[in-house]
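Next up: some structures, all given as structure tokens.
There are two complexes below, and they share chain A, which is joined by chain B in the first and by chain C in the second.
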Partner chain A sequence: MQVIGDRVNIYDDSGKLVADNVPVEGLDPINNQAIKKILYEIKRTVIINLEKVEKSLRTGELGGEFCKMPHYAIPDIAIIDNAERIRERVEAFIKSSKDDDSRVELLNGGRYLLIQLPKGMIDVSADYTVSALVGGSATVQAIVDVCKIDPLKAQACSTAIFGRYPSTIDFKGGAIISALGVPLRLEHLGYGWRTIQSNIIVSLANRNAMKAAALAGCFEMGYLVNAGNLIGRYRRLYLLGFAYECLNAENLVYDTVRATGKDGTTGRVICEILDRALMKGVIKAKERLPSGFVVYEPVDLELWNAYAASGMLAATMVNCGAARCAHGVSSVIVNYNEMLLNETALPDVEFGRAVGTGLLLDFLTHALYGGGEVGIMNANHPNLKTSKLFVMPCVAAATALDAGTLTYPPEKTAGVFSQVFKHIKEFNNPIKSVADAAMEWEGMK
Partner chain B sequence: MEDSADKKRYKPQFCPGKTIIAENRRRYLNPDYKLKKIRNLTDEDIIRLLGFRAPGEAYKSIHPPLEELGEPDCPIRKLVEPTPGAKAGDMIKFIQFTDSIYFAPIMSTIRARLYHWRYRGCDVGALSGRTPLEMRERDLEVVAKELLETEIFDPAVNAVRAITVHGHSLRLDENGLMFDAKRRTLYSESDNCVYYIKNQWGRPLDKPINFGPKADENELKMRTCAYRIDNVDFEEDAKEFLKVIFNVYEERVKGGWGFKVQK
Partner chain C sequence: MLSGGLGAPMRVIFLMSNEVFDNIVENMAQFVQEKYGGYGKAPATISTIEEIAYATAKYCQDLYDSSPLVCEMLFGGSLRSRVMAYAAAITGGLASGHPVIGTQAAHLTQMIRKERTGRLGFFAQDQFHHQGQADEWTLLTDQGQIMELRNASYPDYNVVANLTTFPCAIAGAHIARGGAYACNPVIKVAFADNSLPFDFGNIRKMLVKGAFREFMPEGERDPVIPPH
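== the complex of A and B ==
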């Protein structure tokens, strides 16, 4: 594998230097323990909504809308009251040894059951559905045991947790909450890490825009490795893009927002980015046209792309942040790139892919062609799959800056995720953790 | 990183070209240029034209004011000042323009770029024949006033239409007005003025809004930022524009192909 020699200084979400002279090679997920930890924790985690299970079983409304089966109902079932016993039983099923890293906990006063599988199970499994399947099965059996369910009604417990699966390809109407979507819904092979919704990322980052962008970047990097995009000729493009856009390398994103946050617009952000790119020699004037218009060209194409992508995130933060509204993100993506290339003749983010993604995102989030809302978008969407790495951080940051205009806000659809990883430093401060891990990787070489 | 004003190297240039069309584009897009005011509309006129609330009625809110709500701990929120509408928790509302191909001062592509050069907290739709602009309601009213009162709006060839927008590519009628299936505008021969007799939704207004005289074609030809073969032909600026476009595409292809690594 070729080695990318670039080094960057990484600043945290409040513009403080956290690591200097970081090798970008160390930001590759296969070299970076912090990204590995983030991905591993997400992969092995599933949450069962016990409150929903209890309600479904009490009413016989199993498998979501239009499925009412009163004859399957168990009106007196007490799942929440027995939550602790169910948790203990599930733990007994899942724990492979006394000191493995599995974790089974109750959240929100027993309304949710958090299950994290031990490493051994993840290693043995062919894909990431193991968490949902093992966690779901363990909970079904625990409920049957603890609540002493009649054999003829046990199937209802399974349906209450797994929903209509396998009649449907996902757990429709079930009580399984997983950050990752099911493999049968992947747009292409290797898209597992792209199934994480913007709302979930924002909940994991506790509504911090920079951290949300960083986590979105970590998941996209996981995907790039998985799908074979982080090798060969595009390796430097994505490593630099990740460092600058998602990890605030050279304080580019934060400092641009600081300079334009009070009264800036998307256009002013473009001027800031171009100013900085000129100062650092990333771009240079190529030709002056008779009208006085100067055509610019990148000195370093991949580094320029990283600068442009950082500007796109900064413009999102300034414009969507000013309105405290996430919906404008598609408009920023389209017009930032459009204005940038008309302004300078430089290539736009990811060489045209970002602008195309933004255009369809605009249609889909503004009820032109159906679609959905910014918060429930993920990079596995037929639209957002078009751009790798660079767009999803903008979508996540915009969602984080929303003050309450979304119909499906993070607190409503994914609020529970804000509690799950709150004691893990990689989720609390992804920028610093990833930077430190890159330095450690270099020290170990 | 230094960002003091005297060290700034980059001055925005907006677009290439030497013709009056390019000049107009640069003027309209430049946020430091104050758009020339050519008519007076009252705040009440704007509210009635938008049709979301009655004059004097309170703004509807979608969430409590930010002060009451309490913002999450995010350094970016501390840096980015919310707009007045965002601070108050206003609902998101919109104004939508349709711009005729017959020498309208401004049209879709330039309009979207103008919004993003000049205004904060905007959400512009990307469509060919119409341009919606979504913002917090009180911010929208301020922006709409500037858009409607200045040189970039002519009541005959630019129109405010929330629905039934069709008309931008049709021939103008006998009075020089753009076709409107909902007949929102009325040309008065007696004073050569264009009146909005319906709001942007096509609902009749109790009192017409006078948008003043429509510009004659020669004046529009000087104000427009669209190239046309019967006015300023694109060919006159094509050399410069094509240089820009070729440069963009050349670099896009190099980047997409991973050119440098291969070399």
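== the complex of A and C ==
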């Protein structure tokens, strides 16, 4: 495989150096154990909303809105009260050996059932639906067994959990909560890792903007590997972009936010980035026009793109952070890139893809189309899919900085994810973990 | 037929614009003949893209500036911008015989228009043109398909009003190459049948007949349409 020789110093979300001279090759998901761990944990995890299952079965409201079939109702079913017995039963179904890495736990006082499949099951899976299907099936059968459900009503338990599936392509109206969307909803092949909502990423990162950006970057890198887009001419572009924008390489994002956070604007962020890029020799002045306008050009195109992307994240954090509101992220993306382009003649982030994505994001969330919201966006969306790495970290960071202006905030739609991985260091501190893993990769070579 | 403020009129701009669009394309076709000595003779280069984009943008914007009637007919900047982009797409294809030259010229006309008159009120329409440079010179697996086989599901082009840019560029390039068909001979033969109720040789006329409720399909739909 083509080897990228670049090295970076990586700083964490408090501006502290966590690893120096990190090889960017080690940030490739196939080389990085921390990213692998993050992706593995997400892939094998499903949560069953037991409270919803109980309500559905008690009322006969199965399969989503407007569907009510009282003849399937089991008014006295006690799922929450029997949650521990159901959990034990599910664990017995799922465990492949005594010391495998499966995990079955109750969350929120038994309202949610967390199921993580053992590695053996993931190894034989053809796609990532195995977690939802095995976890859901185990829970259905556990409820039928523990609650001694009549055979004529057992299928109602299945519908309460799987919703309208398999008549629909997803679990519409069911009680399955998964970070990943279903494969049949993928916009294109290899888009599995792009289905994770901004709200879920923010919950995983415990509302830390830079950690949210780092996790969003890890998922986008996973997509790039899957889609065959992290090879050849694109490899250095995306590896450097990931290192600088998502992992705060050279403290660029942190320093810029610190310098401009108090009273800065998008324009000031651009000035900071340009100063750094000039100082490091990433760009240079090409010519001065008679009007006095200086035309710049990149000395190193991929590295300049990484600098520009870092500035875009910094501008997002400065603006959305000042407003404590995620809604402005699309405007920041548009204005940052347009201003950068027009004031310097340098290429904007991802050569037009970021500004284009910002324009449609604005349209979909806040212009006449409306309907979408920043928190429920994911990179599998027809809009966000067109930027391959650089926009989703900004959307996630903006969501993390929101102080309650969203109709669908992370706590409402994805709060349970903040508990699931809180003991895993790769989720607690993704920047440091990924950097350390890159160093370990080099040591093992 | 023209429900909606922006989406639906975009689809039928070729019907609404009467001869304005035709005249612009005819003028630009003449430009191609004079500039390059015939169709398909321009080099497929960035310079050609720039020449065609600037020429089309100048002609269209001069027309809009000089004729309030045209502006009134093509009401709204979005419609006027579309006419400009589609004309550039056809012209680029005609000049070079390659559809990418056409779509790239279309993108550039929109950047020129934006510099002159500002962004369109309908922001998302610009997405296609901002990303066009990156999206059309790419080998990314989810974006690197040839023009002739793209459809409405292709990334970025599902946005209202942009889809038509493809067929414009493809048709222009097809004419310039002088081939018997643009992509698939089977489709060409199947829809060239004069006995079809829908005359694919005169699509505009057929659509207008449909708008007037004068078009009557035949065949399998007979049981569900009025007696004819």
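Quick note on the criterion: the second predicted complex is superposed on the first by the 442 of 445 C-alpha atoms of A that agree within 3 Å, B and C clash if a C-alpha of one lies under 4 Å from a C-alpha of the other, contacts with A are read in each partner's own complex, and residues count from 1 in each chain.
In this text, a residue touches a chain if its C-beta (ideal position, glycine included) is under 8 Å from a C-beta of that chain, and two chains touch if they have at least 3 such contacts.
Keep in mind the model is a prediction, meaning the values are calculated, not measured.
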Contacts of A:140 with chain B and chain C, given as first, second, both or neither: neither
Which superposed partner A:403 touches (first chain B, second chain C, both, neither): first
Which of chain B and chain C A:233 touches, first, second, both or neither: both
Chain A residues touched - chain C or chain B, whichever exceeds: B
First, second, both or neither for A:302, with chain B first and chain C second: first
Which superposed partner A:362 touches (first chain B, second chain C, both, neither): both
Contacts of A:434 with chain B and chain C, given as first, second, both or neither: neither
Partner chain(s) touched by A:352 [first = chain B, second = chain C, both, neither]: both
Which superposed partner A:190 touches (first chain B, second chain C, both, neither): second
Intersection of chain A interface sets (partners chain B, chain C): 232-234, 350-352, 359, 362, 368
Sites on chain A touched by chain B in the complex: 2, 13-15, 206-210, 232-237, 250-252, 254-255, 257-259, 261-268, 270-272, 274-276, 278-279, 286-287, 289-295, 297-298, 301-302, 305, 317-325, 327-328, 331-332, 334-336, 338-339, 341-348, 350-352, 358-359, 362, 366, 368, 397, 400-401, 403-405
Complex contact set, residues of chain C against chain A: 122-124, 126-135, 139-142, 155-156, 158-159
Chain B to chain A touching residues, read off their complex: 1-3, 7-10, 12-18, 22, 29, 31, 62-64, 66, 69, 71-77, 79-83, 85-86, 89, 92, 109, 112-113, 115-126, 132, 134-136, 139, 237, 240, 243-245, 247-248, 251-262
For the chain A and chain C complex, residues of the former touching the latter: 187-191, 227-229, 232-234, 350-353, 355-357, 359-360, 362-364, 367-369, 382-383, 385-386, 388
